[in-house]
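Chain lettering (A, B, C, D, E and F) follows the sequence in which the chains are written, and residue indices restart at 1 in each chain.
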Amino acid sequence: MINKNFSASDRAAILVEALPYIQEFHGKTIVIKYGGNAMINDALKASVMQDVALMKFVGINVVIVHGGGPEITGFLKKIGKETSFVSGLRVTDEETVEIAEMVLDGKINSEIVTLLNRRGLRAVGLSGKDADLIQAEKKLATVYDGGEKTKVDIGYVGKAKQVNIQIVNDLIARGYVPVIAPIGVGEDGKSYNINADYVAADIAGALKAEKLLLLTDTEGVYKNFEDKSSFISALKADEAREFIKSGIISGGMIPKVEACLRAIERGANKAYIIDGRLEHSIILELFTAAGLGTEVE
Amino acid sequence: MINKNFSASDRAAILVEALPYIQEFHGKTIVIKYGGNAMINDALKASVMQDVALMKFVGINVVIVHGGGPEITGFLKKIGKETSFVSGLRVTDEETVEIAEMVLDGKINSEIVTLLNRRGLRAVGLSGKDADLIQAEKKLATVYDGGEKTKVDIGYVGKAKQVNIQIVNDLIARGYVPVIAPIGVGEDGKSYNINADYVAADIAGALKAEKLLLLTDTEGVYKNFEDKSSFISALKADEAREFIKSGIISGGMIPKVEACLRAIERGANKAYIIDGRLEHSIILELFTAAGLGTEVE
Amino acid sequence: MINKNFSASDRAAILVEALPYIQEFHGKTIVIKYGGNAMINDALKASVMQDVALMKFVGINVVIVHGGGPEITGFLKKIGKETSFVSGLRVTDEETVEIAEMVLDGKINSEIVTLLNRRGLRAVGLSGKDADLIQAEKKLATVYDGGEKTKVDIGYVGKAKQVNIQIVNDLIARGYVPVIAPIGVGEDGKSYNINADYVAADIAGALKAEKLLLLTDTEGVYKNFEDKSSFISALKADEAREFIKSGIISGGMIPKVEACLRAIERGANKAYIIDGRLEHSIILELFTAAGLGTEVE
Amino acid sequence: MINKNFSASDRAAILVEALPYIQEFHGKTIVIKYGGNAMINDALKASVMQDVALMKFVGINVVIVHGGGPEITGFLKKIGKETSFVSGLRVTDEETVEIAEMVLDGKINSEIVTLLNRRGLRAVGLSGKDADLIQAEKKLATVYDGGEKTKVDIGYVGKAKQVNIQIVNDLIARGYVPVIAPIGVGEDGKSYNINADYVAADIAGALKAEKLLLLTDTEGVYKNFEDKSSFISALKADEAREFIKSGIISGGMIPKVEACLRAIERGANKAYIIDGRLEHSIILELFTAAGLGTEVE
Amino acid sequence: MINKNFSASDRAAILVEALPYIQEFHGKTIVIKYGGNAMINDALKASVMQDVALMKFVGINVVIVHGGGPEITGFLKKIGKETSFVSGLRVTDEETVEIAEMVLDGKINSEIVTLLNRRGLRAVGLSGKDADLIQAEKKLATVYDGGEKTKVDIGYVGKAKQVNIQIVNDLIARGYVPVIAPIGVGEDGKSYNINADYVAADIAGALKAEKLLLLTDTEGVYKNFEDKSSFISALKADEAREFIKSGIISGGMIPKVEACLRAIERGANKAYIIDGRLEHSIILELFTAAGLGTEVE
Amino acid sequence: MINKNFSASDRAAILVEALPYIQEFHGKTIVIKYGGNAMINDALKASVMQDVALMKFVGINVVIVHGGGPEITGFLKKIGKETSFVSGLRVTDEETVEIAEMVLDGKINSEIVTLLNRRGLRAVGLSGKDADLIQAEKKLATVYDGGEKTKVDIGYVGKAKQVNIQIVNDLIARGYVPVIAPIGVGEDGKSYNINADYVAADIAGALKAEKLLLLTDTEGVYKNFEDKSSFISALKADEAREFIKSGIISGGMIPKVEACLRAIERGANKAYIIDGRLEHSIILELFTAAGLGTEVE
């Protein structure tokens, strides 16, 4: 992979130029929401693993929360199970949530763990059920029926009611990289599928993380998506709330920005929406002056 | 569930009579291989969870290794995948091992974790991939073809090459109950399905456990299975090896006894084959004078 | 001692039914005031030792404070020393307190320590002199002379002025069972005999104990002692103070209830007056649904 | 107590001259056998307490083992109990050992503890029963009957079979001064009275103490007691054994020297017989060039 | 050095009489400003080193801050560099501060370190540059020009802006004796020469020291320097401020008293001006009833 | 300093390519001998400081040993002191060693400390006198007089007799960067100037360092210095000794290679002679594939 165009001294110079950034984050905790293309494309996957390894070896406590919607859909299709969505949320009956958990916890999670361990890290997979990490409750879907806003029960879709962060802290303290599947556990012991962005936000908040990085399939937030020059590189929390209310932030960007806000409200320092479609987007964000993505603070 | 026939003072007396046993195991580590009927029947399941909770609260470090063959078969059937066996081992192609891992790690493991947590414990699920706990290599099946013994490649069926027990010790030291799915990871990062009895034996050995308890669907070892009076309650390791060679121990009992021997060779103190079809078989074995099952030492 | 009428599975069932209680007290601190018949009758003595051993092995930090009035009286008689009492308190000259200390610290205390150690515990005897645990001052007796309430000096009878709990915490932290004789030390280094119920209360308060259990020779508190149906199983602190003022609680029960109140005021969570004349009264109270004695909270 | 003849600068000079000695013992463990006149005479008693306080504050870990024969005899006389001796050992029936324990543990021990605490230390009394510190077995008296050497059972007189030093180390580690009564506990839980010199030797050995100091009512060992110039200030262990065999060391000096030898054999560095009849004999020995007593090494 | 006029028992008595003082300071932190004659005269030097060794071995955490003005002047003279003073402060150009640092840190400091280590201590030299211990800023000289008070820049003369005490605490915690040269570091990395009395005060304050001892070439504070009977042995802080304002304290005594006030304001308990021209002045002050010097509290 | 020719993604790629190297040295200890041009030229100086900062922040324990011969010579010249050399060693009288210590410890050392602290590290300067780190003895110069080899006393030139590494380990354990001046302390407390290469070797050996890096003013070892193609990039220890004996390694290269051998003999893993005249030579050596300098192992 080594590009012959860089001399050894170029390399040394560039390492040195990364020093202030490395210094800044040394000893801090950073939560990464890993999903989208970065989780599907093999080159991007490898690049994320390298980025995480670099973070860990320069002294950053890394925690990963991953999604897996497309793989769940794929597996459901494989077993001939129809999937329907209400307001963007999957209608999730008992069989569906069981499949979702198997795919998230028994396949995607352990694959990420294995890839990180191959890079010399010591990763440990968790779901929200381990040590009751994420205690969940049912989340109703909101639908607009003739202008009326109503709430609809769509099954085992949940939201975090309480986060018991001890197990994550215990693993970090011993040098492990926790990798978390977005499954919560209800009071009755049932599994709930939770939006991974929100789980990442809750985890980042509970850890008082320095940063939450949401790897997405977008460049970040635009004031006007058509006008590339309207890109917003930094958003104050109040502004973000305002933009959602006024419709400037809309569609699929809303939950991303809401996750950022949620992380900050619960104790994280900053949150970023970054473009996971770029190779080494995490390193670019953390260790270069490039100024990638949209920061919410 | 309270049986009205016991007076409070009967209860107190019985608790006191359990004291010497509790004392004996306080602070020790016990590994339980959980499988068979005890994992299927709901009443037995509840009884195992209670037994583990009691063990934990009287100061025993409990580690659980579980199997899940029947559930894997069931799930493969559900997705229309044919299963074939060679010498009792499942022929395991890439799709099969993926399903096996999903069922073991993403379903059975997290179900056990959740049941234990509902009992007030703090259980954490692991597979052999977490922190490279179980590094595996391919295991060939042995077939007898016209008297000739040959080895056959049946895919992603493995055996442990190395056990990195640190993560288990770290969790025990912080009071968690590790629950381990019998999946190993190859040098190439591939998953391997491993016999859970052997995994339990390797884990018990690496932990220098006081006891390995194999919960089985049998009462233990008989010299002559037809003659109930020939039950063997204790077997020296040498004797056990002799009985296997001479055919006294045969069929499905061989791997059970071999797992016991393996645990002891690698550092466990004692190993037991006990009848998981009885309610509270673990408590009966540990905390009463009943003398259940067959002990190998 | 094993009662043949219980099958092994009965035993297992009963152990399991004790689980919620064990769970509740695991890791908590419980102070036992040990005295009365439970200290004289050999069967009861054995039963208390077993109860303490069980408590310790299920993870409870146990601290014992003992009395010894009758043995002191016996020994004084042996050396031909007359004993007189004023308002229920022994008139205690220098020779008397010396004998009291010898009996309490050099005989009863070390006997309890030895009995516990024979049960596999590591008990350590303390008196209030060790590490200045109980700094005492003189307590005057109250007498009513012709309706006039006056205070009378009866010698080396004391009350705790300050409790230096560090040594008890240090011993607990290393797994020892502290056994405390109710002797305090004055500023001048003199010994003072202190009511053991009050010492237990002070110790329980200083430790912020979960429970203080006073083993007495009574069933607990009655509204009307003649009417067995008037038994009070739980008393709020305010109510208790009211009952003392109004005379519902009277005689020898007053200091018991006052000790309970004192423990709670100083930081213990709950205090109980239980019947030490029953075998395994502690286990009955802690680990069964039996609901023994009177609780003050 | 301040002697007006010393100027402040004299005082400073003397403190400075003690520095090399203080330095030598800083952080070391020294066991003192406290008995004889030093325990009876009030001025000597005060002087020992001061010496111990000084040792402790200059960073020495001090452990005290005390005797108490005369006080036991006194108390037995008080209750009209006859005492007989065989070969210098008290015939000790059950009542006698009970009294001995009460006097040693409940009177002398707690008095020493209190005196030390008044000096600003944190002393804790132990007997050999606490945490099974001294496990004892019966010691027979040797009598010579017509030239025949026979062994006679004289009751509850014991010797240490095993020393469980953990509790002493735990207390030292937290800064306490352990004060130990020479009572051992038999397998049956019975008390045994043990020679305090030997207990001190066993404790010093188990602690790998830098020094054992036996405070005695003699100046040390003489080659010829009549000839003051034959005083032996240092004895090699082999020499000491030789001198006992040859009769140069005889009578009451034998057990003293044997205790010194025993301490060294079991791990102590040096042992001293010093004259406890001198004020501040410990300080003289440790912190001045005076060269008191007889050293066995 | 041993004075033959003291008997061993005199010596023991004097050690014992020092006990209450030793006890009082055991475990406390004391900062010594070492300068003046005590640093020049060889006998005094040896006496200070002994005093520090004694302090350390009786359990006091000692920190030393030293000066070195005369040696700096000497060295400057040696290299033919003229020195001028403004209002008592040395005009300090870049070459001068370089020489000052070399003399203070590379000569005086390491000499003190070596002397202490020869006494069996483990001393470690620091300057204010180590771990940014003393962050400095320029201090202007105050001059009175025709009644007008003006500020004059005299170069690299500084005052502490911030004290990062961590390195001192880390060394103390591991048993080292920190020896500190009064050099601060500016934001630009330049060295600043700081008055050692003030550095000692700042260090004592940051450590919440029990005492600051300023070794000076005076006996302490007089109300009227001519009248020896007007010696002030204790000064309240308010009083001290008042005396400076009213001129009772004047001249070279002002910075000494100000340093004492500064130490107290920043967290030290007491501060003393003592006569370093006396042998063992520190021991006299700490460990005898002599009552040396002036205390500010 | 940022080179505009590198894109952000180039930078990210290069960081990632450094990952295996970072991983390899994470948690290891590396000793740098800092001297020569790298200590004189300002750009090189800055580059070394950056390299050290980078090492520290990627988890390497860095220890620096520095020289300073030219600066000592310069200062001696400044004060008009003549310097003579015997066999390459400076004749060092008392005044010379005093100046050497002042320059090394009071100027160069504290300058390096300050430069590192400005980079966000916490550096602490030590000389061999601190905590008796380097106990030295006199080293004689070897001269050849008419073919006769004789030893000549040249004053306070020393070699390490013992290294007390505790203080270095204590500082490393708390995250500090120790910076060590090559001054040793004799038994008499006198200072000795020691060759910094050898000090670095002794320190690396005592620390069991992963690497010793000698920054020199040469590219490394050549078989034939005239023939650039004869450069030796790796030398086995035996080979190195052979080359010295046979004269292939000669002149100023001998002490460098001997220092490498010394480090390895005493416990370091590898030692390197690298070209300190290149910017970022340390990073080039550690974190790129460039393969700089000569390795001795």
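Everything below uses one rule, namely that a contact is a pair of C-beta atoms (placed from the backbone, for glycine too) under 8 Å apart; a residue touches a chain by one contact, two chains touch by 3 or more.
Just so you know, these numbers come straight off a predicted model, no measurement behind them.
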Minimal step count in the chain contact network, subunit C to subunit E: 2
Chain whose Cα centroid lies at the greatest distance from that of subunit B: E
Greatest separation from subunit D - chain, by CA centre: A
Approximate Å spacing (C-alpha centroids) for the pair subunit B, subunit F: 57
Subunit D and subunit E: spacing of chain centres that average the CA atoms, whole Å: 46
Residues of subunit C touching at least two other chains: none
Pairwise touch network: line, ring, star, complete, or other: ring
Subunit D-touching residues of subunit C, taken from the complex the two chains share: 78-79, 98, 101-107, 109-110, 113-115, 117-118, 122-127, 129-132, 167, 170, 174, 176, 183, 185, 189, 191
Subunit B-facing residues of subunit C, complex: 1-3, 6, 8-19, 22-23, 26, 47, 50-51, 53-54, 57-59, 120, 278-280, 283-284, 287-290, 292
